[in-house]
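Shared between the two complexes below is chain A, which pairs with chain B and chain C, respectively.
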Partner chain A sequence: MIQVVDLSFSYTKNKFLENISFEVSEGEIFGFLGPSGAGKSTLQKILTGLIKTYKGRSVVNGIESKDFRNDFYENIGVDFEFPSLYEKLTGRENLEFFGSLYSKKLRNIDEMLEMVGLKNDGDKKVSEYSKGMKSRLNFIKALLHNPGILFLDEPTSGLDPNSSRDMKNIILQEKKTGKTIILTTHNMADAAELCDRVAFIVDGNIKALDSPHNLIMPKGASKISYTYLDGTEKTGECLLSHTSGDKKLQELITSNRVLSIHSSEPTLNDIFMEVTGRVLQ
Partner chain B sequence: MTHWKYKRLWISFMQYINQIARDAMLFLSCLAPVLYGLFIKFGIPAAEKFLTGYYSRKEVLVPYFIIFDLFLVVLTPMMFSFASSMVILGEIDDGITKYMSVTPIGRGGYLISRLVFPLIFSLLVSIIVMNVFSLTIISLEMITVLSFLSSVLGFITSMMVVSLSANKVEGMAITKMSGISMIGILLPFFVSARIQYLAMILPSFWMAKYAMEGKITYLILCIMVSVGWILLLLRKFMKKII
Partner chain C sequence: MRIINLIKGDIRFQFKYGFYLVYAVFTAVYILLIFVMPLVWRERAAAIMVFSDPAAMGLFFMGAIVLLEKSERVLNSIAVSPVKTGEYILSKVMSLLFISVVVGITIMLPTGTKSLFASVVGIAFGSAFFTLCGLIVAANISSLNQFLTTSVPIEIISFLPPIFYLFGYDSMLMLIHPGCIIISLISGNSKHLFLLSAILSMWLVVLYFIAHKYIRKMFQNAGGVSL
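This part shows the complex of A and B:
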């Protein structure tokens, strides 16, 4: 569905996006993860044909991004990082206007509003919406014409946990209908949950690319840590796969002296730090 | 598909008209040419009657009637251009222009609906306004040409205002400043000889020369200067709207 080969681009004379290559297959959710300023939104702008002065190849649905014709956008849905809505119009009027630019049959506006909890706010002016409400409206605006490819730039940022949960469910629901989804996020947990594969982007380069599972597994194996009393409270640690080798632990278990025991898996966050040497956010 | 192409442009243009109609200031500015038209159609001849009696001269203002007409012919496109600039700047603020580029209407279609359609619309309105309110008897042909030239001038002004201003407030200031370029209309009448050619970069200057003397050379120069301005502003303008 999407092929990117040796892509490079910069806003200035200095190098920025360099040697970007990846493929996204149909029906996949593909994540861009990286700290602020890494170039995630820039990469999305190239893929959606907003920036045409890149080098290398960026092919979406068989067509080079710089050569997109207007009709191509009938099948593309974009949710930019910042809302793009008429502040003076109501939520519904916004959807009606943008929807009318497509020749396809639209999805039902009321159902869409309800889906993101804006059922009772459709006739309010967008200028009266909260930040999260604008994000949600902006999100369904991208789904209205039922596009086959979705570009979502931080769709859950600024949402409360409930709305964020709802939105993630909708994204998974859309995936089930066969859509290909490109998702940008700072949030590791979201990426781990939603994405089939993620690309770690730092300073304009892809530092790692794989499924969250494959990224996590070979790196840190799961660990357990335990506490016990030995005069004072002490802690011990060993790998989950090597419990039989931990004599102290065995001794504690057989003598019922374990105070607490926890296992912990490395998170995508840990892996990100390990691979890129950078923290997210 | 072609049918949809035109339908989209029309929908987007109606959205533009809607925004003007909802905004009291923009709506009133679009009415300004009619107010000015009423003023010159009835006020100026009355003033002329009074002045000729007062100074006991045969004519006082009559030689300058064409200047009032020239201001009338540029006023309509200027007001529409102001409205376009305000609408476009508002849409840049709201992120709409960027979004339009990733819908089937595209950046080009958006521009057509915000600059070219308004140009045609203001041309039509200007021709009607001139036919109703013009003081001097100029031919329909002349009216059409002058209306066209001033509509192009409006197009250029919008491009300039949008390219140079960061927001609506700056846009209003720059629109007012661009009003200074209307001085080009007065120069051929009041400044003799060579000095007037200092204004040769202003399309309005060549327009006034053309209206005065009817020489086709002036018409061509006006168009060339206008195209020059458009080419000069195009890149900056395009950059501004994504």
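This part shows the complex of A and C:
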């Protein structure tokens, strides 16, 4: 669905994006992870055809990005991080207006509002919405014309845990309908849960690209940590694959003196830090 | 039809954000002012009022409209929609042209005009001309202060020669200035209507291409995501 080959772009003489290559298959959720200024925004502008002066190739749905005509956007949905809504119009009026810009058959507005828990708020002005309600309205605005490719920017940002869970379920549901989803998030737990593959972008380069599972597993084995009493409470730690070699642990188990024992895996955040030397959260 | 939906959306936006209410009040004030003036002043006063306000409202309002759209980030969504730059411009021009003509006629009718048709043509051209000027300015600014400082020189250049023209400096050379043609038409001068309309049309074409360039750039800057 998306092929990017040796893509480079610069705003000035210095290269901003350099030799970016990746592919996204139809029906895949692909995550962009990286700190602010890493080049994700610029990359998205190229993918959505807004920047045309790049070098290399960027092919979306079979069309080179620089050759997009306006009807190309009939099949693209973008959910921006910050709401892009007319504050003095109601939620429904916003959906009706933005929906009217597409020639495709729209999804049912009432069903969409109900899907994100805004069934009873559709006729309120957006200025009366909470931050989370605006995010949810913004999200369904991007889905209204049933696009084949979705760009989601921090879709769970500002949502309470229940709404965040609902949003992630909807994203997974949309994936099941065959949509290709480009997800940009700082939330590593969301990325690990939702994305089939993620790309770590730092300083205009892709530093790593794989499934969250494949990125995590080779980089750091699971560990166990345990506590025991030895005068005061003490902590021990060893790799899960080396438990038989930890004499202290053996001794504690034999004498039933283990107070607590936990296993833990490195998170995607740990791997991001290790690979890029940067912190996201 | 997307352009019709865009125009309807713009009219709804202008209504909801109180632009029409403001103009209803202004229109009432203008008519009142005209009727307290001596009879001999009325015709010129009405022409100046219609020229400087309903016709030129695009210059003032476009700054407010585009700044509101920028602050509410709706341009981001429009940039990644099938809307073409030309459709966006046309929608803004047509939506303001509609209210300009309605308000202009409401002010001109009670005072009388030599040719209502010429007046309507003048108001319509004036509205389109100043809306395009307003769009060019608004596309390049990010605050109301910037808009005011940028639009004041345009106001001076656009408004002073037409007022001089109306008060006697009515040489044919002045008709190079689009504002002079517009005020001449608004005041009901139907002489050379076709020629004057053709000159104004050329001005509009030039302004359209300049506006297209800057609005396109504005969309390119707006359409990304801030990550």
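By our rule, the second predicted complex is superposed on the first by the 278 of 281 C-alpha atoms of A that agree within 3 Å, B and C clash if a C-alpha of one lies under 4 Å from a C-alpha of the other, contacts with A are read in each partner's own complex, and residues count from 1 in each chain.
Throughout what follows, a contact is a pair of C-beta atoms (placed from the backbone, for glycine too) under 8 Å apart; a residue touches a chain by one contact, two chains touch by 3 or more.
Model, not experiment: these values are computed from the prediction.
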Next item on the list: Sticking to the clash and touch definitions up top, decide whether chain B and chain C on chain A clash or fit.
Entry: clash
Check: Which partner does A:Leu85 contact after superposing on A: first (chain B), second (chain C), both, neither?
Finding: both
Margin query: Contacts for A:Lys66 in the overlay, against chain B (first) and chain C (second): which applies, first, second, both or neither?
Written below: neither
Note to self: On the A-aligned overlay, A:Asp153 touches which partner chain: chain B = first, chain C = second, or both, or neither?
What the structure shows: second
Notebook entry, point to check: Does chain B (first) or chain C (second) touch A:Arg165, or do both, or does neither?
Noted result: neither
Checklist line | chain A residues touched - chain C or chain B, whichever exceeds | finding: C
Margin query: With both complexes superposed on chain A, which partner does A:Thr184 reach: first (chain B), second (chain C), both or neither?
Written below: second
Notebook entry, point to check: So, does A:Leu101 touch the first partner chain B, the second partner chain C, both, or neither?
Noted result: both
Next item on the list: Report for A:Ser36: first if it touches chain B alone, second if chain C alone, otherwise both or neither.
Entry: second
Notebook entry, point to check: Between chain B (first) and chain C (second), which, if any, makes contact with A:Gln44: first, second, both or neither?
Noted result: second
Checklist line | Partner chain in contact with A:His213 - chain B first, chain C second, else both or neither | finding: neither
Note to self: I'd like to check the shared interface: which positions of chain A are touched by both chain B and chain C across the two complexes?
What the structure shows: 48, 50, 70-71, 73-74, 76, 78, 80, 82-88, 97-98, 100-103
Check: Which residues of chain B touch chain A in their complex?
Finding: 1, 4-5, 8, 11-12, 15, 19, 22, 91, 94-96, 98-99, 101-106, 108-109, 242
Note to self: If we count contacts the way the header does, which residues on chain C are in touch with chain A in the complex?
What the structure shows: 2, 5-6, 8-9, 12-13, 16-17, 72-84, 219-220, 223-227
Note to self: Under the definition above, what is the set of chain A residues touching chain B in their complex?
What the structure shows: 48-50, 70-71, 73-74, 76, 78, 80, 82-88, 97-98, 100-103
Notebook entry, point to check: Which residues of chain A touch chain C in the complex?
Noted result: 32, 34, 36, 38, 40-42, 44-45, 48, 50-51, 70-74, 76, 78, 80-89, 93, 97-98, 100-103, 141, 151, 153-154, 184
